[in-house]
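Order of writing sets the chain letters: A, B and C. Residues in each chain are counted from 1.
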Amino acid sequence: MPTGGVDLAEFLQHLFLGLVQGSFYVLLALGLSIIFGLMGIINFGHGVFYMLGAYMGFTVANLIIAPIFGPNIAFVAALAAVPAIMFGIGMVFEKYVISRIYNTDNARFSGVLITFGLSIFLPDFVRMIWGRPGRPFNIPPMFNFSILEIGTFNVSAYRTFVVLVAAILVVLIWFLLFRTNLGMVIRAGTSNNIMVQVLGINVTKVWRQTFGLGIALAGFAGVMISPLFAVDPTMGDDILIQTFIVVVVGGMGSFIGPVIGGLIIGQLWALTPLIGRTVFIVENFSGTMIGPDFWEKASDILLFVVMSLILILRPRGLFGQEGAFD
Amino acid sequence: MLQVENINTFYDLSHVLHDVSLTVAEGEAVAFLGRNGAGKTTTLKTIMGLLTPRGGKITMNGTDLTEAQAHTVSLNGITLVPEDRQIFTNLTVFENLKISRLPVDGAKHLDDHLDWIFSLFPRLKERINNKGNQLSGGEQQMLTMARGLGTEPRLMLVDEPTEGLMPAYVETIHNVLVEIQKKGIALLLVEQNFRMALTISKRAYLIEKGVIRWEGASSDLLEDQETRMRYLGV
Amino acid sequence: MSNGNTGNRFTPKDFWAWFFEVFDSYGVIILGVFLLIYPFIFSGLLESIIWLEDNDYEGMAEALQTFRGFVPSTPLMIQILIFSLFGMAFNILLGNTGMLSLGHSAYFGVGGYTLGLMHAWFKKGTPVYPWITDTFKLFPLEFSIISAIIVSAVFSWLIGMIASTKRGVYFAMVTLALSMVFYYAAQTFDDLTGGTDGLGGLANMRMGTLNLRVGIMDATITYYFVFVIVVAATAIIWQILRSPYGQVLRAVRENENRARNCGYDTAKIRLMAFTLSGSLAGLAGALSIIYGESVPIENIHFITSGQIVIITLFGGAGVFLGPAVGSFIYWYLRQLMSTEFVKYLAIFQYWEAWVGGIFILIVLFVPQGILGTINNWTLNYRTKRYIERLEHESESASATESEES
């Protein structure tokens, strides 16, 4: 019979991986939440925009720049170019598709349906252009070292970079929302759109920029995750669901909710497999349905249990407030 | 300055305003009175561009605003002080005031503007860092008016400014309305307290079931109890 | 007054009047008869081709063969029938109660897995309570289908309890997220469900009462088996929706607060509608695995939820038979694209892109769906006719008056 027990290095390793995973959740959930707060639309296309961002990054880095300047510069170029490209794509999509429904009877339902339709359309469209199989995307060579290595605890440079960049972006978004005029208008619009217009501010422009911003964040997350996994047309599916769980747990319409929610869900996702290796589970449940094997794969299921509990106990989420960035 | 000619407004299929016409001259205060549900708020919203009339014409200083959206109307010098004090509850008092200056000058000369606002509403200065949802009803009303003034309007559409306020606040609002008018800002004032409205204004309109029934000098209406009785019930 | 004469002018005689009349009064009957004889039409086509070939009419046989590519096959019609039922179950929520559930794949999938697991269980037999197996072995398919309905009812009730704390778009998001737990569970417990390969090897499904074998061996029998159940379930849904309970559902859609003020427990009504819809979706899911004799894991993925939303909106969410029309269009188009169109243009192999794109256009420009739009035309046409008639009557009335004077 195998013995249970988790050593410190293993625990720290999972903690770190949870932080990396959580960083992606935070970036996606923030975009989703800002769009929802201002426009009242839940963007079901968030996952596929993330996937599209990864493909854009793949194209810019591996196909255009890498052959000339090498993989390091190519990756930096992709990080810079993709948010700009995705910002443009988001604005175009808002202008020509989403803006058509604002004055219809059931605009919020239509918004869900259109973005949902997009999430069906885009993966196949990507297959049409980039081919059916996924594409590999290597970690740029400049990140091929470890910052810290203690036993099995290994802090890779690229993952650290991801966490740092995500942290910087969160601060930048905070700055945008709470220290700039555009952010003030976005927050005001979250509270009362009509009065923003009455003050002489063209809301449609702000909506367009905000939608573009959310999409740019999703696309950026897509580029950042590409070196860790491959680029694949279905990569947006699971993460969309997980992002929904994050905003349900953290609470819609607040700034802190998606951030804390993302970090919590990231840790849950990473730490669940360790439960199966504890002495308790190994000694009592080996060979049963909830034995160590189950816990290896149980992360996804456990997230739903947590979400259900939150929905029952705190329907608005941990930090949710009705339409406000508090 | 403001010309409203024969506008008809609908909510879905129900016809709310029937051929409403009114004018407001430069710097003039006009009272716009009627019973609940007579179409006062609908008229103000239609002028502001929050509702689009089917037929009719709205012009401001010769600019056609009939189909214009609210932000265009606002840039043409009209602002609305809505009845339910729709301040931005998640913004501080300072931010509520600052945001109104963005379309005017990008909030560059904010301090001068705030000096004037705080001379009108000293109370707001004390609460400058409070969030909108921490203010009392009277303070919210003052903030709504102060925010409206930030857009440097030529005409202010004021909807029920004293509704549900303590007498002390009613006094303040009254004084401020007089003060605003002295500054040369025209007023279109909807108010249940007809005596206050008629003392501030020079002219008045009475509206009933979406139709303008009476127009004339405010002083006449103050004396004419029969007309008041018929259209306002007071 | 000569009303008798003027009436003639307005008896339906132009094409549209005729079309709308037939469509309204006999549409359902025509559809029913067509569906009833469909397998014979399809197999008749094949027999004619064989006969033509045997008698050396090569050209005609070839033409007919090409034509046959554009005719939906019997197995495709089985799929269409099942998704019609699924869509109508879904429409109890969307069209009648105004709840957009994006997680109906869960109950569809659970229904399928239940039937599949029950079938496997009957085949194996259980040593613990052999008398149960012995009893139910007499009616394996009937018992499995009823179990599928019950199990999906239980799960949709549970999920409904959690999700109904939210409304509108939140509800859509939460149902979608919650539905995926079933997908991950099917992946995790792969000993039981076959994991990502799906649950296969479900041959020899047998109906005890009629001693019928259904499955891939005989499309026609399977078609009629499914057809009878779908028609019965449709009749039940129809009855429920026109009952007072159905009225209350629509009251909740129009204005939940008002319905609550009228004394209805709207939370309970929403939950009941959700459970009803979920259990019928489970029935559809159970039927869907019979012909293929396997449960693909995609059945429980949110792709399937997407399919049913698309199907319902294609046909028209506000119309009872809308999902049936939508189901036909969806599967027929999908089939045509992947077998016929793709011969001429390779980009038709990416049918999801086409379906997704068309779906967005439908939401933007035809929000009533196809059947809903036709119904609107009917209504507009009749209103126009009615007004014309009124005008004509008043004209002729005034004409008679002036004659008399």
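We take it that contacts are C-beta pairs under 8 Å (C-beta built on N, C-alpha and C of every residue); 3 or more make two chains touch, one makes a residue touch a chain.
Only a predicted model underlies this, so the values are computations on that prediction, with no experimental measurement involved.
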item: Innermost chain, taking as reference the mean of every protein Cα atom displayed; value: A
item: Reference chain C; chain at largest CA-centroid distance; value: B
item: Chain B and chain C, separation of their C-alpha mean positions in angstrom; value: 54
item: Inter-chain centre distance, chain A versus chain B - centres from mean C-alpha coordinates, in Å; value: 44
item: Centre-to-centre distance between chain C and chain A (centres being mean Cα positions), rounded to whole Å; value: 35
item: Shared interface positions of chain C, touching two or more other chains; value: none
item: Residue numbers on chain A that touch chain C, as the complex places them; value: 40-42, 44, 97, 100-101, 104, 108-114, 116-125, 127-128, 237, 241, 244-245, 247-248, 252, 289, 294, 297-298, 300-301, 304, 307-308, 311-312, 315
item: Interface residues, chain B side, partner chain A - complex; value: 48-50, 69-71, 74-75, 79-80, 82, 86-91, 95, 98-100, 102-104, 106-107, 132, 147, 150-151
item: Chain A-touching residues of chain C, taken from the complex the two chains share; value: 100, 102, 162-163, 165-166, 168-170, 172-174, 176-178, 180-181, 184-185, 187-189, 302-303, 306, 309-310, 313, 347, 350-357, 359-360, 363-364, 367
item: Residue numbers on chain A that touch chain B, as the complex places them; value: 181, 184-185, 187-188, 190-192, 194-203, 324-326
